[in-house]
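Below, chain A partners chain B and then partners chain C, in two separate complexes.
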Partner chain A sequence: MGRLRVTPRGFAGPVVRFGVPFAALVVALLIGAALLAVSGSDPIEAYRTMFDASLNGWTPLTRTLALATPLILTGLAAAIAFQMRVYNIGGEGQLYLGAIAASWVGLMLPPDTPMVVMLSSMVAFGALAGAAWALLAAIPKALFNADEIITTLMLNFVALSLMNYLIFGSQSFWRDPQRTVPGGKRLPESAIMPELSGRLHFGFVIAIVCAVGLWWVLRRTTWGFQIRTIGDSPSSARYAGMSVRMKTITVLAISGALAAIAGVSEVSGVSKGLEPNSLATDIGFTGIIVAVVARSNPLGVVPVAAFLAAIATSGSRLQGIGIEVEVVFLLQGLIFLTVTAGEFFVMNKVEVVAAEATDASNESGTELAGAT
Partner chain B sequence: MNDSVFILSIASAVAVATPVLFAALGEIIANRCGVMNLGVEGMMLMGAVVGFWAGIETGSLTIAMLAGGLAGAGLALVHALLAVTLRVDQTVSGLSLVIVGGGLSSFIGTAGEPGVLSAPNGVDVNPLLPEAIRDLPAIGPTLLGHDIIVYLAVVLVGATGYVLYRTPAGLAFRAVGEDPAAADAAGIPVVQIRYLGTAIGGFGAGLGGAYLTLAIVGTWQNGVTAGAGWIAVALVILAGWRPWIALVGAMAYGILNGLGFTLQLAEVDIPSDFLKMVPFVAAYVVVVAISASPTRARKVAAPAALAQPYARESR
Partner chain C sequence: MTESSTHLEVRSLTKSFYGVRAIDSVDFDLRGGEIHGLLGENGAGKSTLCSVLSGLYRPDTGTVSIDGETVDFRSPLDAAQAGVGMVYQHFRLVDSFTVAENIVLGLSRDQRPRSMRDVEAMVGDLAEEYGLHVDPTAPIWQLSVGEQQRVEILKQLFRKARILILDEPTAVLAPQETDRLFEAVSTMVDKGQAVVLVSHKMAETMAYTDRITVLRHGLNAGSVSTADTTPAEVARMMFGDSDAAERKQAGAANRPAGDSVLELNDVSVRGDKGLTAVDGVALTVRRGEVVGVAGVAGNGQRELQEAIAGLRPLAQGRVVVSGVDCSSGGASARMAAGLAYVPEDRLGVGLAPGLPLEHNVALKSFDRAPHAKRGLLSWSAIEATARRLVDAFDVRGNRRGMRVSLMSGGNLQKAILARELDEVHDVLLAAAPTRGLDMAAAEAVRAHIVDERDHDRGVLVFSEDLDEVIRMSDVVVVMFKGRIVGRFPRDEIDVDRIGLLMTGSTEPKHATTTVAESDDDDATNDTLDLTPNGEPNDQVRAS
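Let's turn to the complex of A and B:
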């Protein structure tokens, strides 16, 4: 019997960097298939139904991309923070703030405002609101090193209650008094994202522009280089004279703004008014999965978001063959888990070595802790 | 505010505090041996659905609670595999537990006939002490009228503190969390202890989740914990990893959480959405305040090797 030998990789080539997460996706789908089989469903039929509902044909594809639009943005929000080893778990709340602010602008400005002016004001105000909400966590983080995971997360619950209050808990400016079931006032035509095809709307273009823009900033500018350096080693970045504090604030503000634009895109392109129930669907949280699976690469975020959206969009179709929608959450979780585990195989080379070779090789490698 | 309102709100605060306290105690143990597990919310959800299901199937509170605890521990072992053996980022691994726990619990919730999701509670949770004692004025309904699990939680607070700080096993646990390399050199099995600590942490979260569905909510719903797991994570930091302070913090959470109920009875009119914010705003404020405090209490108390993976060769 051989033993496992683990050696840290100095540098992971593209085959490893792309291959491992891809293999992890396959493993997740296999585990999902096993769980489906155990619960008495036919996994092959389930996956074929999911494929047909989400990717097979133009209409399913546009539906998938429409769902991917906010996920790209919340994925980018999580990714830029990850690049600096800062954890913005508050995408959910920042998205609500963006939606609240954008719908306020859309309802406040005269309905005959030109669409370009209207939509850009909504994006700008929404982004500002999300950035401001993120600053509530960023400033304590920069000044006192207050744990941003906890603060951003707590703020999610506050933002959710705030949004619920505006629609369900009061006769606010946002709520439509005409409707018996509480809901938001409908935005004027000028405040609704133009349709591209089917359900796909202009928000998708905004998301792609953000992805490319963020990629360019992180890869091609000094500022982006500094962010990545801080992520790799905060102490050496500080030694090189970079202001870690200021960048923590800026990065979290940008992150909050990106998540908020997802909220703007949803109110303007999908729900066409502030509708808490269609906004509070874990878009912010799923963005974290997107960023992890994409290994925080802004360009990688786009296909990963589309893939997760494809799983999500087929949920309703699964019910037709007697499988509960919950499978969608299960698969998303499994993907997150296997890709996270896969990170080990990106960072380390694992080989099976013959037993007698182990002693000689001990200087460079170690056995897998706990696996022996 | 009259007496009965006060008494009712304290009684409900104790009940609401219990699941968070279980989860926080578990997290303290995991953190003490150096493993940061942010997946409490997911582990609680697993405990909540499996515990509730076991209650329906067996009708036994003991079995239901144990099943819930084991479900939480099972998910925690996934975190141990990722964080201890594969040494991936513990924050990301913990978050993945939240998502997996959420997904898997809602998937399990659809199982069974007529389905855990719509089934009525399978167990009765009764007060522990005889009626004569429960009828004592003031302390009767507030402190003596609870079920056995509430008292078990309080006993566990003492036990956790005692074991961690007064026994050789506790010393080994803390050593692994403070300086795993030194602990390793002293012959303490670092990896095994971290696995054990993570599993105990998950067991605590699972117990909390099971208590939540069995004794407080009385049904299973997707995402029934509604942030309680995150409150537990925050509570551990706020309590500076000390079990007794966590007990106080959990009670404070219970009171804040029940504030709406209390104010309603006292006929004070505050929108319920604002009341729902209160525990989360409080946790936010306290986390920031503690970080900003000049004494740096937080830094002193945190296990030195918290969230740091241990690999022998990098010693």
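Let's turn to the complex of A and C:
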């Protein structure tokens, strides 16, 4: 018998910071294994299949990283907003806007435009469109304190309807009139992200550059200093003379731009035309999970996105051995739960102490009575 | 139970928090049929005593007995069962529930009628009986603050409370509502119940209570019968009849004050709820001078501090820092003009709690050399500054990368002072600079503040501890209900008069107003005309 003593940790060393999420991951996989076993599947075979399909070898690895590319970007989009405790749930819609704008640029510019010019204009326009879409929520937030969770979420449906209208509901500029099944016009070669290896395309490089760049900006610039101050304590920031309102607008715009670049990367590197069905796959929403699991750290977003992508890519292969694809979502959910719960152990030190030793109620830690 | 039987007896009650005695061997008697005023400065132990009586805290030592029987409350539920109920200043009501639902909330099935309609009828009867009129079927959010308070009282009456503790009940009420409250309270005592009135306001305490107990620094400073005492005597019990001459020496200023570094001109500010919180304040702080603002918390000090610091817009008037009119600018304008500010709220305003000390040290200077060049931070320069200030101000308990919220109050305050005094500045605004600090840390903080004056800068210090204000200040001003109601140069400091002014007893006609609502014109006159030894004393006699 004993009691648990919980004391807040001043500073978490690397062992704790990396060890706890890793342990959380193991716990998630163990719970998943138990559930698989209960449902009559062999967990070892399942995990082995998943590993082979996603990480074991160059081809599976490129497939995983290709899937991770947009997740890194939407993860970064959510991360920068969360850093300032602004909750942008609109990554999904901002991604569509990025795809719509980028494909418009790709189809408008002459096909013989040099690739560098073509791709950079697509990224720039896509990012602008996503930023503008985010501003629809940011400005009411800054002016009237309208809840951005609601506005950004609602704007997702507007964006989805807009994209569906352009392809399925009208003879728009984007729609390919030749095809019997409605679909987008194919982008010219110059508007398609160069291939790195297999399915992996140049969008991955853009995503990595964005992750490192965002980390650097937050850590090393005076702008990032202000964002982190506001995120920790808006009243302290105001006290120090920072403009919270203006930062809210900029951060939401940047967040929207990053999510939109994910749309650019998908439309240019994967679907190669505005294809609503291949774009509307909850990449924006999954980015929120990525950011939460990565604790809004831009560098943490990359491995987390890769890991979630690895689980997702292995889904189709699981069916081959008679396991439902839903297992993938189950595992994703479990990881989300254990890693966020693990945060408690990063922030606090939990010790088992002898019952007699902790009688004083003035102890600095909170004590949880109970057997351990 | 006869009407005059003693209801509640407290004997040598002691309760400590982290080694500090919040109340120390306090005796307290409460008899049925009386309204008993409980007075004291902030931090004198009133809330702690009430929290013990209402079952929120368990005392370290000492006993509480009701009708001769010793009780040991382990929770507010125990206290409620013994007939003790408390109405907090901040109501404990569920906004979306109706009055009747709130009243039975927390009662077990056998303690309440089955149907809500019966509850409503019972609440209606109680309301009628005590004159606490409120619609039992109305949801809380539709009610005024005064009505919500009635619901809180009805909740206790419904639980058959014989002893009711009201924590600063008039702080949120308009004058007419105050009158109605005390009508209901006198109905209760007529029925033999006992009421504890926790208050800061001298006038209402004198007017409505039968007896008064004063707590001072956790000790019982005396219990007196209201009819046999005067406001002056009660104020002396609250603030002590200290040896003013000795205190004046402590920080004597040797030279005349210089140019004005902070000037407030007819400043009015609205509070969080849009009501006037600061009403036409005029004040000047000169170089080489410490101006101390004495006052009971909640009289507009916080709003005034925020207005001076540029965190709250001015409704009228001007704020001039070192000759620069900053009235329309925000916090950065005041900083640029030379204002250093130690805010009341250390963690959350003065410091960003989740970030490390290095970050907090650079909170205001992060965008200037040597901490940054062209938008890029130099963390090595910021860390160097942090190390320098940690050494210079003896800030302890920090580890690299540790979030500051884990440091002790004294070290947090030293860290804020270090940052603020390291900036180029002409005037320091310090709010409750030693609140919650241990003696050594408080002394160190006071030494830094006095040192500012000796370096020919101006200081404006707000504190609820009157001793401290008097000890540090060259000029003491008293704030009450958003106004400056008295100004005392060092040689003319009169502790008794300051104590009276702080509790508002020289203003009998305003005694029950919560927010200063009178015309703005005489507001500034108050500050200018009030002579330290003038007629206010006569007004005390009049009351």
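Here is the rule we use: the second predicted complex is superposed on the first by the 365 of 372 C-alpha atoms of A that agree within 3 Å, B and C clash if a C-alpha of one lies under 4 Å from a C-alpha of the other, contacts with A are read in each partner's own complex, and residues count from 1 in each chain.
Here is the rule we use: a contact is a pair of C-beta atoms (placed from the backbone, for glycine too) under 8 Å apart; a residue touches a chain by one contact, two chains touch by 3 or more.
Remember, it's a predicted structure, so these values are computed and weren't measured experimentally.
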{"item": "Three-chain arrangement built on chain A, chain B and chain C clash or fit", "value": "clash"}
{"item": "Chain B versus chain C as contact partner of A:220, first or second or both or neither", "value": "second"}
{"item": "Which superposed partner A:39 touches (first chain B, second chain C, both, neither)", "value": "first"}
{"item": "Which superposed partner A:337 touches (first chain B, second chain C, both, neither)", "value": "first"}
{"item": "Partner chain in contact with A:151 - chain B first, chain C second, else both or neither", "value": "first"}
{"item": "Which of chain B and chain C A:232 touches, first, second, both or neither", "value": "second"}
{"item": "Touching partner for A:52 - first (chain B), second (chain C), both, neither", "value": "neither"}
{"item": "Touched chain A residues, chain B compared with chain C", "value": "B"}
{"item": "Where chain B runs into chain C (options 40-48, 58-66, 148-156 or 166-174)", "value": "166-174"}
{"item": "Residues of chain B defined as touching chain A within the complex", "value": "38, 78, 81-82, 84-89, 91-93, 95-104, 106-107, 109-111, 191-192, 195, 222, 227, 230, 233-234, 237, 271-274, 276-277, 280-281, 283-284, 287-288, 291-292, 310-313"}
{"item": "Chain B-touching residues of chain A, taken from the complex the two chains share", "value": "35, 39, 87, 89, 136, 140, 143-147, 149-151, 153-155, 157-158, 161-162, 164-165, 168-170, 285, 288-289, 292, 324, 326-334, 336-337, 340-341, 343-344, 365-366, 368-371"}
{"item": "Sites on chain A touched by chain C in the complex", "value": "8, 10-11, 219-226, 228-229, 232-233, 235-241, 362"}
{"item": "Touch list for chain C against partner chain A, complex", "value": "16-19, 309-311, 330-332, 335, 341, 343, 345, 348-355, 359, 362-364, 366-367, 372, 375-377, 379, 399-403, 406"}
